[in-house]
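By letter and in written order, the chains are A, B, C and D; residue numbering begins at 1 in each of them.
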Amino acid sequence: MEKIFFDAATNIEIPSVQQWKEKGKKVVGYTCSFMPVELFYAADILPIRLRGINAYSMEISDSYYGPFVCSFPKAVIQLAGSGTYHFLDGVVISNGCDTLRRMNDCWRKMGEDIKGTLPSWMYYVDVPHKPDGHAFDWYVNQIKKLIAAIEKQFNVHISEKNLKKAIKVQNKVRKSLWELEKLRRETPLKLTGTEAYSAIIASTMMPVDEYQAHLNAFLKTIHKRKQDVADGKKKLFLGGSICDDFELVSLIEASEAVVVGENICFGIRDENDMVSETDDPIAALTAKYLSASVCPRMMGWYKERSHMIINKVKNIHADGVIMQNIRFCDLHGTENGLLERDFEKYNIPSLRIEREYGPLTETGRLKMRFDAFIEQLKSADINEQKI
Amino acid sequence: MITAGCDIGSRTAKAVIFENNNIISSAVIPAKLDPVESSETIIQMALSQADLQLNDIEKIVGTGYGQQEIPFAHRLESEIVCHAKGAWWNMPSARMIIDIGGQDSKAIKIDENGKVVRYTYNDKCASGTGRFLEIMADALQVELEDMGEIGKTYKERLNISNQCVIFAETEVVSLINEDKDVADILNALHRSLANRVASLARSLTIAPDIIMTGGVAKNCGVFDALSNGIGFPVKSLDGIDPQINGALGAAIIASEH
Amino acid sequence: MSIVAGFDVGSLSTKAVIIKNNKLIGTAIIKSSPKPIVSANMVMKKLLDDTGIAQSDIKMATGTGYGREKIDFIDNAISEISCHSKGARWFVPSARTIIDIGGQDCKVIKLDKDGNIKKFITNDKCASGTGRFLDVMAKVMNIDVSELGTISQKSTKPIAFASICTVWAQADVIKHINSRRPVEDICAGINVAMANRVSMLTNAIKVENDICMTGGVAKNKGVVKALSSLLGERIKKLKKADPQLTGAIGAALFAQEKL
Amino acid sequence: MRPELKEYNLDWLFASTFSVAKNLLKSSPGEMEYVYNYIPYVSPLLKPLIETGKPALSFLELFGEYYTNIVNAKENGKKVVMTTFCFDPCIFYAVDNLLPVTLEIGTALTSLAWKRGSADFMDYCTEIGFSETGCSSQRGAMGAYLAGLGAQIDLVALNMGGVCDTNANAYNFAAQYLNVPYYGLDYPSELTTDEVREYHHKDYRNLVHFIESHTNCKFDIDKLREVLEEKRKQDDLMNEIEDMQRLIPNPVPGIFHIMIYAARYTYSGKKKFTEMLKEMVEIVRKNSENGVSGLRNGVEKNRTFLVYIDNYSYGLSLYEWFEKKGISHMGNILSRTFTEAAPYTTGIPGTAYRIDTTNFDTMIDTLADINARMPMTRTIRGSYDAPNMWLDDTLSLAKIYSADSCIYLGTPGCRNTWSNIKLLARDLEAYGYPTFIAYGDSFDSRVETWDMSEMRFEEFYNIRGLL
């Protein structure tokens, strides 16, 4: 596996971020896939996704968040409270879900108690729960306000030219990521889900130019490979709650399976998942980040979502689907319940699990489910042969 | 004036006899299924140690989970008030008391007069209670009393993360399967418990001195880990078995009324 | 003559069976030690001692259960879901829905008419729907877990508990013991709380007849009765052997197929 | 779900229970006692309710009528819209052929009066795929409608987008599951800016269009005006009750909060609700003139403000416990009416609404403004400590009502408040309000039994010296 990607996906303050800082440049953390990273690159600021990996205890976050709350934002607060995010020059929080938006409140309160944990700049972006109409206009305005706030805070100017350039650069990354996705559909399959997924996560943690170079190199290596990593294994699709703790993917692949696609808040959806390079940049960013990023938080769009997900499962030729949700993530928990019924209609075998976010210290119970699911898929094969 | 405090918990029963601002005897036994039996046995033990009869005691205050069932109590008081009182009597500089009990854990904030200002108890399942250690001692087949010392000899830093005691037990079993050392597992358990309890104290905002009371305070592993979790040194009671603190507080309250 | 064995190393108990020509010729159940390998060796020794069969006579052995991958003398490992399905069909060939309440989790499995797994569901939420729940409660009550069923039968008024968390429920149980509520009502309340959790899981998979319950909890008449009434369906009794052996029997049957 | 439960239609059960129960008021005390023996699960609710006299009759008539209408909806050619509390349903009554079903009210009533509460319905939701950790307030009644044990739902419309994910998510699930049209209003995190106001208005116009297109009805301007004028009267009456609640002792009987809660989210804009409120005002006024507390024994020892919602899962146990201890229930977040005339909105521009019935546009804008200022849509949408949000509201209300202490009651399904309550409690304590966080579930007694909760309440009031 590409070590550079693996390191970027499993650590927070990676060497490339440190090098970026050493050049005297700024780093800003953000929470959701609704955040147009282009805005920051246009100001020569490095945007990184806030993550909660490697949080082994919750003694800090549990004193702000209550008990019946998803462990992802809790893990982020725990890390922030322990100083992991000390290098950030700012944080932008958006209302991806209720618990995430409350991270803003908990973080500020923590800043009163533990010195040095509050970044010098905290900004809240209000993402509407509708992708079109007046909500579109609202988000255009939110982006404009964010631009103004960045300009003021970091004493920079975000020009249209730079914005357009940043869009171009990100589109190139998206094209390469799509390249990667296409490779995951091929037989022989030349890369595992763990490899692909760590490359995808790394894209949110590394400066874009550096990332693009590594990704190009990685794609080249894959092309040269011969071995089929899916030989004798079942191809699975993974969906549901945010899952940057990709140990889960590795655990699935420790059974006789390989993950060939996901839909979990990272990566790109399809080849059209691009930002227009000709339209007004802010409208173009809104179209991509708001209108095209319909997630279960946008109530009333389930049909479009299920259509998109089922198509993806079919296109990647998955043998089955694993749908997971973090405990207390009702948005995905419920959507998984609806999807389960629809998968059944299309004869797509599926397995639904609920889990805690964070380090997998105990894998027995999960592994048993994955093993059994794969046994189920295999016994279905034997039956087909009989018929 | 001779008074007594009787603390009938879900796991242990404790009694303290108190005279002229002094503890004259105390006793601890494992709780019996019948709380009445527990209270009668424990008070008799404390009385015989002090060479006294039940009618020598002027006032008895009962506390703890089974307080309603103490036949001879003149007055009942919540564990929270009793623990606060006991710790404050022992150490007037105490402003925060952490008590890990059998069924729940509490963080209590008190003022300079020992009055409870705020308190909170564990909110999620029981991974922050004494039951947790008991179940784990069972799973690891070690004695409850030895857990602290064994845990101190740890070498590898392991982690137990599950929120649910029962699933945390699964984690422990899987660590045993991986041939992890018992000391390392114990150390992880102590940190896990201490961190859950630390969040209670943190949510009230920390105020020194912080005293840890209750039977679990005798477990040096949890005790040390608690200081780390809170980010502030935790103190133990001065010269008193932390387990009798609730009964002590009850006896003191009896003497005040 | 083919002798095969199945081992089910669970978190609470370890089970093993020997099957010869589709017939059960030896069984053993022991309490699990924390180390699965130790449990497996112990149960193996007991099995061999009881039946007088030599280990070398066992042509094929399959392991299942929590510690399945740690057993060194087995030829292959298969998940509990598959083994319980297989084993249940050995008891009741018409079984289509299998409910297994294990120490760490509860599983409901739906089979097609040929016994293939169509779908399964497990509780990930909390331990309150698992065998450990009953275990913890019995301990508080100071009775053996096997008595929960019989004692509860005398109850006319099961007590309602906080059934969302095992340990909160335990606090309730202690409270009721302290206030001297009848033991049978407490036991019945525990069984009903358990049955409630399991029925929710079972209904989620849409039951098909016949329904079987496997595992040790199947021996608890209180839970079985409460569950039947909640589901509005009869649960078939496993008669040919101890239901606790189902997983091990299924494992042995897989071993037999491999021969 | 228990097989025997599938025999009964929930709406029909309610319709008949309430219609029959109102006859009780005509009975002699002896006859009443006799009947209570036959209804051991409903009587703990009925007894204290009936003791309130006239308003009880109106309450029972109101709900008898409400559920009878729902039962007969299809026969009468009416469509049924599933909606949420904190949505003002008066808009639906401005359309001739539409009837709202408010899930949370159904859940609360089931929890209050049914033997096993709404536990079976809640579990049914889980069985068909809904998240078990979702809010219990919807899961209760929703289970019945999804299982086909209630009216057939034709459309789903609500206002919780941007305020509460779990809520909107539940309705979204119901709409997808039943395959019926869905419209959800969405709210930004702010309240008072022009940009937000414009967003509210545009969003609400889409709702109007949604209703018209799915009912094949045009809004009738006169009907709309009639409904809004009725609502104005109701607001005034509620404000009057709230204003008198400031007196010491508080003359408002605690159970009025449940009665108003249930009625305002089902019968807003309807005459029957106005009647009930008038009768309540009369009682409260009389109490205040006599300087009597609304508590049955007349002695007020403590005034407790509920910073979030109420509890319905233990029947009326909490209310009865308050009565026993001499604690005045100062209402909860759902008791509030954020009109311009409300005592706690004066002087804060943009936070209150004004009913303007000049023309169709002003009325639609009014409705948009009302919905944006319903208790939760107003208070829970932004950061807990942002201006005019949870902390601000709680502090000003606690002050206005001379509260001695605060209690948080909610459900483990509430992501918003469980993410913030520790912070809020800390702030309230700092302002001198002893605050207790209860872990039970307002609608599901299986989370924490009343025995355990009672012990915790008892502990809190004793230790903090509040009685």
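Keep this in mind: a contact is a pair of C-beta atoms (placed from the backbone, for glycine too) under 8 Å apart; a residue touches a chain by one contact, two chains touch by 3 or more.
This is a predicted model, so every value here is computed, not measured.
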item	value
Two chains sharing the most C-beta contacts	A-D
Centre distance in Å when subunit A and subunit B are each reduced to the mean of their C-alpha atoms	44
Separation of mean Cα positions, subunit D and subunit A [Å, integer]	38
Whole-Å gap between the CA centroids of subunit B and subunit D	42
Subunit A, residues touching no fewer than two other chains	63-64, 66-67, 327, 364-365
Multi-partner residues of subunit D (at least 2 other chains)	128-129, 132, 422, 426, 437, 439
Multi-partner residues of subunit B (at least 2 other chains)	123, 167, 170, 203, 205
Chain contact topology (line, ring, star, complete or other)	complete
Footprint of subunit B on subunit C - complex, ascending	11, 34-36, 66-67, 70, 104, 126-127, 130, 132-133, 136, 142, 165-168, 170-171, 174-175, 177-179
Residues on subunit C engaged by subunit A in the complex (per definition of touch)	66, 78-82, 104-105, 114, 116-122, 124-125
Touch list for subunit D against partner subunit A, complex	128-135, 161-162, 164-166, 168-173, 175-177, 182-184, 186, 188-190, 195, 198-199, 202-203, 206, 383-385, 412-423, 426, 437, 439
Subunit C-touching residues of subunit D, taken from the complex the two chains share	1-3, 119, 123-124, 126-129, 132, 445-449, 451-452
For the subunit A and subunit C complex, residues of the former touching the latter	327, 349, 352-355, 364-365, 368-369, 371-373, 375-376, 379-380, 383
